[in-house]
């Protein structure tokens, strides 16, 4: 599943399969990171507001 | 409150994160999977230097050459020995699985004495003094002839040593289990004079007319037969198989001629009749009423009459006879299945007579009348008066089956002591109940078995024998082979348990007995004894591992005595009652006699033969009224009843039930015993007058829905 | 995939007219390859026998019945169009079985297999067996196990390897003697054990080898079915389920037509069309 | 504690009654867990599988739950990508059901393999040519998606939502849900398909093998299609059951009928494709390997033409037709019949594509193999059902799963 | 561990204080949470990196010290003790018999190690239970012949490449065994991540593969190295 795995080969099969897979995974990762980061930011902002 | 919760939350998350970015997770995931790859409870065989040693297998009279592969002197595989004069590399599944016998769960691990109905281990010294003491009593009581011996078919010096021991002891009561060897010698004695036996040159015959001989079911020297049979196609030779069931031999043959069970002799005589009638026979040195014989067979065994008895078309009988006479190198072979149990002299004689009429005696590709002058040269046994007296005596009875009956019949013991070597009569002889009864009638039974089998369990003392992989022994080929080869079984490992070569056990006994018996067995070890008595062939044995004693067609043509057949002996009929006939089946994958099969052998058995713990019997669908294929049924004979499964088989004659031999063992080996029933429990013996053979080829039976 | 120029293609031809069904091959295989055994082995569907002998009949009734025995090791398929994508190799998710392009042998790596059993479902010959139980031997009997074949743990699939370890041993000897291995140096355990000499083993790519001379494999795809490559040009020789395109390397031989027909499924009338058709280019033979 | 967690204004059964129910289902769950550990520690000899049945009840259960769990990705696709806003009323529940189905599938797989501790080899040592590899990857990834889709609903719990971080997180996740849904749809397309591929690529098994388009056999597309078609049926069925148990109306008929209608058209179109596939397979593919249709449906005690009829007509054409016509669709009885038949139909299809494949003899001298699962197999297969019931009960009790619940049950509340 | 406990106690106390103070809790609570987070993180992180590897491997001393250097000087190159058998198989660690081709139960030198050898093993005819650093698991088939002999062995390899300069060692280092897998640590490599500097630092399948790719252009087929 990684280029350093024994079975990995730089062939079309791996390119298509893991290309698609890692693409999907990165979207999910990015999405979640964004949500968590934004949530944290919003939270702190709210607190900031509540002090005034 | 809240803060606490958050602190703990922080704590937990922190710990998790800390572990996550350390090698712990990765390493444990990896190592736990590697752990499953090296589970401590999955054995890892030790590696080491590979070596090969040659020996000879003595599990059956075949005596095949074997090559044992060892790792660091640890045997790991048995294979056929290339260019060995008997099997040339071929080997049967029992031989290959031989190593399983070494560690068989039923091995007798040390000498045993029966105490009540349980066995307790004793030392060899105790065992020897115990047995020699008992024997001394027997001898001193003035009845040395009441010591008996039942031994398995195989020849060789160990069996000879047993006979020698009994001679010196003063008893003629030596009995062999029914075997093809003995049946052939008896036939030869009847037709060509005593001291002879018959060998069939299957390697060169161009037409083999087999009267049910299971040439690839374990008949005679099995691997030699296999080799000859498979070479047959390249030689454009033919095999005609005459038997009621499509056995593997019949399936492999060029022609299968179904015949009613037990009527082989009639067909053989029918063929003789045709040869005589059509004057297709080759005159030879025929005596003992040849003309009377000619008249009798042409009258009593005319094709039409034979058709009525055997079910083989008269026309086919004529054709078959002509084909046999016209063939260049035909040979007729007797002995249904493995040719040991359930045979009759009439058939053997009739078939051999066919060979004689066709002028096939001592011709290449024919039947050899051989005089296997023993290669064994024992020094003169020293005899005291008791021995002389005993030697003078007649054997109590003719055959082991008759012995069993006499033991049961007479109130006072016929035998006071009994040796059993290389045989399992309590399993192998017909009507085993009867045999076990007989054993109870003998006050003192000594078994020389390697395994706690049915007979060992019925004995009082066991002097456990080392297996063929743990001992030195000479093993001559037997059973219908056209040549005589003596092989040397060599120890491949030191005895795994506290066992001895029966030869050594016997020598120890003799020494303990003292006197002339000791003198007659004046060797320190059996190995020494063998080296001396093997005489001329010892060098060949020890160097090449085998010696060819006789090969090729013997000189001259022996005469043939027709008096036995001219008297037109009656054919044996199946006993019991019922509308069906139960016949035993010899299956190469199951050992029918001693020793029992290995776990591997049983594993190969079809689920159409053994299903769970149920034995499966073969019947023709036409016979199976109201029964279901693979369904249960109850099989009843005059001897007993058994719950069986049925297997519809178009390859068996309607009206016949086929049940495999070699199942239904009752000793302690979960891989082999406790499976199915022993066909010998269901069939009773029928002694053929004169020959004393148990000629029961089957028994009448009924089969009904369970 | 790399195609070794002087690649071997080990295969087998079994003469069903010689086979006696004696079972020596089965036991020789078990003894050679450390195959375990259980108390009840009559449930053939969970009884590990890399080499299994099937009993075939011509279906006729007494006395015209005929019987033939068919030994069935792993068929070592080279797959559709002979590209090495055998039914089992192509489906294994963890690459625990692969096709050796240098030998044509289909491997099975027990320590890699995690027991999903997809390969067993994909194999129409039932040549693959699962270790439902931990392998056990009666006390002391482990000491006959051979170090040349690794005993399998519970929960993995195993199958016939054409006794690859024998190939390895033969090669080691050849290496030190600086030579190639001989035909007789690498023979499977079933081949050497067969007392009827019914099994012939060797390199299908090597014209000097007996197996090649008997089979005369057709290098070209079968014009009637392009999935099929290596069809025998010997009219007596056939393969099991050849028309599926598994392209097995175990060939069978028989004089009897009904036996050859029993090797595959045919629609009504099909057999008579194909029975006399042996490879695209019989002239090559 | 309990009351503090229950969504505002929602009425729930008394806590003890709730716990009693949970205890009963929990007992069943424990039974399954016991069987599960038997299989893990003693090995798969605990099952009735054998060398002919390497795939059996468990793999069927996997394929079945994933098929019926397809409602989640398809409803999500419609809601977030095709912007069919009406479906917001059922999307939460669809997601929960999907979550249950997929977590169950993964659990069953973990029991089914002979070497669970090596399970990760399928990822690490992946053979990209194997359909099962594709299944494993897409399955686990899509399960991640479902978890992501489930989280906001959890965070909307009365107490959790008070935590401002969680509140914001839920809000933001709703914001980008379309992206997740799209990814989920993509992944689902492939793992549903590759599950079909598992059977379709077995060229040694004429009963399973199908012609290919590029690298994918027909079954690849049929499986995706059928999951999308029958998944919603299951979502609706579970909704109806939940309504029956809670005695409340939870989803408006408008939403139900809409989803039913879409499902109906999907089923009908799928059935057309399936019938074409079956005919082509029976007339061309199988015969080219020497097999007639009769071979697959005769000479055995169980598999007859009835199963083909039951799958295609009773479990396919009938529900399809019942759902596309307004009259039948809006008749509660007909609707219930349709969705029930639909669910049975798709499960039957998965059964055929797993167990009948193993049963059909391929070698001419081979025989049919039939099999009956052991109690351990049955227990481990029921285990996810118990787990599902419990998760739904808890979610329904403490989470605002059904946006329409309050308004639909207003009259009821007014009377109190 | 105890540290953690202390922390928690402090934590809860502080927390109580905060409550009393009645200050806005969210940020402080979060702040505290962060502290705990960091604390726990550090402990687990460090023990994961430092403690865990120690626990994972067990150390064994060899039966007695073996001086390779001395032996190579006396007896010649590696092959003189680690020789090929006639059938091409590799003898590996010499057995007592081959040692006794030179040794007797009378020590030749005066090291106490040899004395142990002579008394404990030669005299008692007991094989020496060496721990083999390079022992591969049972599933691995490795042919020394294939790598060192015959025209097939591309660029006949020397022992060093895989076994390192063990021939120059004068003492036997302790043998480390993975408690879970039973593997010699040399197989996975000293470094917990299996990072290697020399060709002989690791003996995993990947290391075989690297060389095979170089020599044959591909990693090879399963059966080439597995049994």
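Letters A, B, C, D and E mark the chains in the order given here, with residues in each chain numbered from 1 onward.
By definition in this document, a residue touches a chain if its C-beta (ideal position, glycine included) is under 8 Å from a C-beta of that chain, and two chains touch if they have at least 3 such contacts.
Source: prediction; values computed, not measured.
Among the remaining chains, none touches subunit A as well as subunit E.
For the pair subunit C and subunit D, chains touching both partners: B. Hopping across touching chains, the smallest step count from subunit B to subunit D is 1.
Comparing the centres of all chains, each the average of its CA atoms, the largest separation from subunit D belongs to B. With respect to subunit A, maximal separation of chain centres occurs for B (centres as means of Cα atoms). The central chain here, found by comparing per-chain C-alpha centres with the mean of all protein C-alpha atoms, is C. Interface comparison, B-E versus B-C: the higher count of C-beta contacts falls to B-C.
In this assembly, the C-alpha centroid of subunit C lies 40 Å from the C-alpha centroid of subunit E.
Taking each chain's centre as the mean of its C-alpha atoms, subunit A lies 75 Å from subunit B. Separating the CA-averaged centres of subunit A and subunit D is a span of 27 Å.
Inter-chain centre distance (subunit A to subunit C, centres taken as mean C-alpha positions): 48 Å. Among the residues of subunit A, those in touch with two or more other chains are 6-7, 47.
In subunit E, the residues that reach two or more other chains under the touch definition are 26, 87, 89, 137-139. Counting partner chains per residue, subunit B has residues 32, 35-37, 44-45, 50 touching two or more of them. All chain pairs that touch, listed by label, are A-D, A-E, B-C, B-D, B-E, C-D, C-E. Taken in their complex, subunit D has these residues touching subunit A: 123-129, 133-134, 137-138, 141, 144-145, 148, 164-166, 168-169, 171-173, 175-176, 179-180, 183, 186-187, 190. Subunit E meets subunit A in the complex at residues 24, 26-27, 205-206, 209, 219. Per the touch definition, subunit B reaches subunit E in the complex via residues 1-4, 6-19, 21-24, 27-28, 31-32, 34-35, 37-38, 40, 44-45, 49-50. Those residues of subunit B that touch subunit C in the shared complex are 36-37, 39, 41-48, 50, 69, 71, 74-80, 87, 89-93, 96-97, 99-100, 102-105, 216, 222-223, 226-227, 229-230, 233, 246, 248, 251-252, 256, 258, 496, 588-589, 599-608, 610-613, 620-622, 650-654, 670-671.
Subunit D meets subunit C in the complex at residues 43-45, 49-55, 112-116, 118-119, 121-122, 125-127, 129-133, 136, 198, 201-206, 287-292, 295, 357-358, 362-366, 369.
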